[in-house]
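Down below are the structures I want you to see.
Next come two complexes, and both contain chain A; in the first it sits with chain B, in the second with chain C.
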Partner chain A sequence: MTPTSPRRAAILGGNRIPFARQFGPYANASNQDMFTAALEGLVARHGLGGERLGEVVGGAVIKHSRDFNLTREAVLGSSLAPETTAYDVQQACGTGLENALLVSNKIKLGQIESGIAGGVDTASDAPIMVTEKLRRKLLRINRSKTTVDMAKSALRIRPGDFGIETPANTEPRTGLSMGEHMAITAKKWGITREAQDELAALSHQNLAAAYERGFFDDLMTSYLGLAKDQNLRADSTVEKLAKLKPVFGKGEGATMTAGNSTPLTDGASAVLLGSEEWAAEHNLPVQAWLVDGEVAAVDYVHGDEGLLMAPAYAVPRLLARQGLSLQDFDYYEIHEAFASTVLSTMKAWEDEDFCRDRLGLEKPLGSIDRSKLNVNGSSLAAGHPFAATGGRIVASLAKMLHEKGPGSRGLISICAAGGQGVVAILEGA
Partner chain B sequence: MGRQETFSSAPSLAKVFVRAAVAGKKSGSTLPTSELVLAGHAVDRAHLMDYQRLCGFGVDDVLPHTYPHILGFPLQAELMARKAFPLPLVGLVHVENTITVRRTLTADDVLDVAVHAEALREHPKGRQVDLVTEVTVAGESVWSGRSTYLARGRGNPDAERGAEPPAIPTGVAAAQWSLPGDLGRQYAAVSGDVNPIHLHALTAKAMGFPKAIAHGMWTSARVLAALGRSVNGPSTSHVWFKKPVLLPGRVDLVVDRTQSPVVAGLRATRRPETEHLVLTLDTRA
Partner chain C sequence: MAFNYGQFVSGGIGKQLATTLGLPRPSRLRRHKLGGSLVPSEVLVAGHGDAPVAERVRHLLADAGVTVASQPSTSVAGVVLDLTAIETPADLETLRAVVSPALKTLAPTGRVIVVGRPPESATSVAQAAARRAVEGIVRSIGKEMRGGGTANTVLVAEGADAGVDATVRFLLSGRSAYVSAQVFHVSEPVGDVAAPADWDQPLAGKVAVVTGAARGIGAAIAETLARDGATIIAVDVPAAGGPLAEVANRLGGTALQLDVTAEDAGAKIVEHAAARHGGFDIVVHNAGITRDKLLANTEADRWDSVLQVNLLSILRMNEALVPAINDGGHIVNVSSIAGIAGNRGQTNYAASKAGVIGMTSALAADKRVLDKGVTVNAVAPGFIETEMTAKVPLATREVGRLMNSLSQGGLPVDVAETIGYFAWDANRAVTGNTVRVCGQMLMGA
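Now for the complex of A and B:
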């Protein structure tokens, strides 16, 4: 059944700053600096200075506690009217796409006329935490009422309590890093090193070609001297990638390298959405419609499913609701957390047992035409500042669909930490 | 205009101040006609970021309203330290500053910064002079600044005082800032302005101040940063410096947006009758 929605939510444009490698040109830029820059570029390009938008939804996966109102602070630092509301969302790597769904849903319901969805992350300007033991003891000192109490509490601190911690890319419940989780899934699906390196090389080549033809000219503003994604290696080849040593997984069968896994990156993105009427009033051509979205979660804790496999479940649910098949799309944007994530997901959709036993389908979803996959590159080449990836993909895909023409269709699939996955369908306008 | 002297990098302010401190008595009633030029200055992004952070501007590629001032200031000091300059550099009080931004400048703009002195004039409290900074990019005039300095001394009670500042806005504070004791040292590190009155209580005391005082151009930049991004686009600001801000200290920002141009001021939190600065900002360009 296709739910009837009162009106449609249009994607009107997007902007991001080039993504930088960890400790690169954005080493000293904060999440707020970067998100404000991405937002301001979007505002400038679409003439939104002084405008009160329905809302701005942003967020970061790794966030200082002082940045509790990160997105609101970025709005106040931008040229948007200070009366524009804002809030933060955190759904790991799904944040950016989830935010686009939230804004589009409010537009469809008529609660707002316009909004910006985005996200930001820094792997460089990370919050520093003290050890849990030290933190508890420091809090105790902080709440002591007398100097004697304070001195007593201070004496409880032991040399072994000292140490600093930064957020780690590790699942709290399993203690495994994302890469280690992915290595298990990749092995289970028999994803070869060669297939991963091929996908990675193609990502770099596609992204380089997109830059070459000016695809990003109206999707990006340079920042702190960087005009292109720093991670991009236009001359990347399967042969070069084949030389790298595996970093995730163990022993002979290890296939995942730094080349076919996304590097830690810093960056921000933002997408402008609006109702059809609002877009017309502001003379902003509609690029694409945000048709529908779905979020799924899997039980990765007890070994039942791979950490990054949730999109494999979300997509069939979304297809069923929209009455579409996996082959009804002109473009597929499957976020390249790791090359093996994309390959495992596609293999699962082709697999009869998986589709029957896990998805409850009579027949497999089938294959997708690889020539329609990540045609302008994806996270392996561009980098992946967690919460910024959704905005990067939505803005790029909307533009691709607009170029393709009305009625063209695109599918977005983004896996996220915590065993979740956010997927969406866009339609060209 | 007289002779043009071109610098490939800004003169060191520490050396300029030392030179000025040991310079003999100065006198005369004519200004040097030289124009000092910092040619082809490429913005140092790390320096820009330090300045943006310290003054409360967003960290991005846009040059803050006040940024070109700190590029021109070493040239100002160099000119004022010279024997031919009739007023003593040490002891000059920065009383007013106007800035006009003609177009948004970015870190990619290559700047030519030219400084000259003009309008030496009598004042009821001494003598005043204007140091004018003109910034061009490939010949296009993009930014102008005029810094008015007062040399206290025998004044002329009948002399013109110049434009009267507007009244500082009253009412509740738009923001309250705690200024740390080392703010002067932090701004000195970024701006190069190592005037001892800003650096430490001891050096400030030697110069007749009870404590270190904040750089006027930091206070002005901080207030402008608080007025929003539009200050970095085409705009004109005019600031009048009143009582110095003693460090450490707490100050209130007061803003009146009902007036055009906008009026903003800084007053002491504990003693609101102590007014530190008042400025007008016109962004209607």
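Now for the complex of A and C:
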């Protein structure tokens, strides 16, 4: 049964700062700095200075403990009315899209009239942690009541306790990095090096072409001297990518390189959503409707599913609820965590056994028209500041659908650490 | 911080040195303050013959709460002299008789405003000579003024006296701080001359498009128009998006990122203004670039990029903007002193900025523009203190600063104030003008 929405949630525009490579121009920018910048660009583009919005939902995957109220602090540092509420969400790389779903759901229910969904991440300004042993000993010193206690506690620290740790792209339950996980999946699905490099080259070429025709003029605001995604290589080709050495996987079968995997990136994005009435009152044309979303998780720890395969499960559930087939879309935005993620996911949907055994479908979802996939580039070219990717995709797709015209449809699929996947359907307005 | 001559000679050893050597010491200029009075003290109003404009000015001053003086004194801060009725050069004695004693006691940041008629419409050769003489006198007075004072000429066409008020107000006020030795042409208004309900908010309810608004003079224009009541559409290239957003948010306007040279730039502005603000009333074509090189070394791309951004883009955008601008609107172009006097190493820039002057007068007379009651004017800034001029080598910079009657560089706000004046609905009788904001720079006509 299709649940009936009381009203629709409109996507009214978006903004992001260009994404920078780790330790690049944003090396000294904090998550709060970057998210504030993304908000300020959005506010300026839509004339929202002094406006009280229903809420702002943001978040970051890599976060300092001091940033417990990251989004709220960014709002207070922005030109929005200080009475605008805010909260943080953390759902790994699914954060940005999940936030858009949260805001749209509240709008549909009539709880709020407007909101901003976004996310930010820095791979440069990372929190530093000490070793677990040292941390416990330091806490002990901290709670000592007397100087003698303190000295005693301090003497317990051994040279071997010293050492610092930074957050790593590693799954706590498997000890494997995301790339290593993906290498297993890529091998299982027989994804070739050539296919991955082809997808990566196309991502760069598509993104470069989008810049060339001014597609990002009203989706981006320059920051700290950067006006384009730093990772973009407009002259990227399959030949050049073929020269890179594999970094994930082992031996002969290793196919994943730095060129067909996303680099560590800094950046932030934000999307403005509102009810139809609010949009009209504020003279803001509707770009697209956020129709519906779905989140799935897979058991990559004890089961045998790949870490980044959850979207393969979320999409059929969403399609079934909306009564659509995989081919009913004008654009597909499949987040390029790795080129092999996109290729494995698509291959799974074409695979009879997978669709029958894992998804419980009578026949495969089928293939998608590759000319409709990531047409303005995706994470391989733009970079992937974890929580910022959802906002990047939602804003770009909404604009593409608006240009395509009312009734056009787009599908978003984003994989996330922890074996989760967030997917959504947008409809052009 | 970079050396600044003006600050150096304002006190201490610098002041002593300058006084001993007879070097110029710039005065602090009087600039417009929100809620401030039109002029700090009294204004002396006089005229030759029946002096119809003098009568108007007395009423204007009374309305503005300014005391009209009939004798020179130290409490006189401005002189308005109506010479519209002069017949021969002999009648110029009236000017000498009034202004000569007044200059002796004129308060600092004083104003001399001489109102005449255009020489071209004189009915006799002697009258034409007399009328033309006014300009020469006022330019000379500008060079004799002390204490940050200015002198300007206003030429009013026969039958257009009612349109003079806005210009007299502007010239008396602090808004014209860096405008001197200029000739303002007041003609038959292109639409209803409408005084604002509040002279501190002369642009209330208006929507203004400002290109190149992210920084420098453009940001000051946006800020000044917003201060005067306008809603700002701040336009700049995507690469300047960060600072542009800052300007737009500070002023409560909207930011529109686009390249003015793009084919659809005008259409995009029109679309944005229509969707977000229900149209627009004011356009300020400020976006501009320099690519300096001696002509002997200038390649085609340097030549072309300057002409594209500074001139051709405006012509192209106007094709979309003119039909869309609200009736009674105002278009203001930013030219440059380089477009009047020329500048070594700036043939491309001078071409574009002189072209802007030609475009301004021609567009002002265009039927489509006249039918809509739209005015078209230009400002030509001289040496203005910006981030750009701060990077000019010391000697060149100080020469630029000092080579004018006010012995100092102007501020971005000075350019912005003149643009604001061109955008008043009270100012529909001034169109096709190019006014220099240069403190009477020695370069150029």
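Please note the rule applied: the second predicted complex is superposed on the first by the 428 of 429 C-alpha atoms of A that agree within 3 Å, B and C clash if a C-alpha of one lies under 4 Å from a C-alpha of the other, contacts with A are read in each partner's own complex, and residues count from 1 in each chain.
Quick note on the criterion: a residue touches a chain if its C-beta (ideal position, glycine included) is under 8 Å from a C-beta of that chain, and two chains touch if they have at least 3 such contacts.
Everything numeric here is computed off the predicted structure, so don't read it as measured data.
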Superpose on chain A as described above, then tell me if chain B and chain C fit or clash. clash
Of the partners chain B and chain C, which touch A:Y223 in the superposed model: first, second, both, neither? both
Considering only touches as defined above, state whether A:T36 meets chain B (first), chain C (second), both or neither. first
Give one of first, second, both or neither to describe whether A:N28 is in contact with chain B, with chain C, with both, or with none. first
Looking at A:S79, would you say it contacts chain B, chain C, both, or neither? Reply first, second, both or neither. both
Contact-wise, after the overlay, does A:R16 reach chain B, chain C, both or neither (first, second, both, neither)? neither
In the three-chain superposition, say which chain, chain B or chain C, touches more residues of chain A. C
Which superposed partner A:K63 touches (first chain B, second chain C, both, neither): neither
Just to be sure I read the superposition right, which of the two partners does A:K137 touch: chain B = first, chain C = second, or both, or neither? neither
So in the superposed three-chain picture, is A:G214 touching just chain B, just chain C, both, or none of them (first/second/both/neither)? second
Given 95-103, 167-175, 329-337 or 383-391, which part of chain C has C-alpha atoms clashing with chain B after the fit on chain A? 383-391
Chain C-contacting residues of chain A that also contact chain B: 37, 40, 79, 222-224
So in the complex, which bits of chain A are touching chain C? 37, 40-41, 43-47, 49-50, 79, 214, 216-218, 220-224, 227, 283-285
Enumerate the contact residues on chain C facing chain A in the complex. 234, 238-242, 244-246, 248-259, 262, 275-278
With touch defined as at the start, can you tell me which chain A residues reach chain B in the complex? 28-30, 33, 36-37, 40, 77-79, 222-225
In the complex, chain B touches chain A at residues 45, 49, 58-61, 107, 228-230
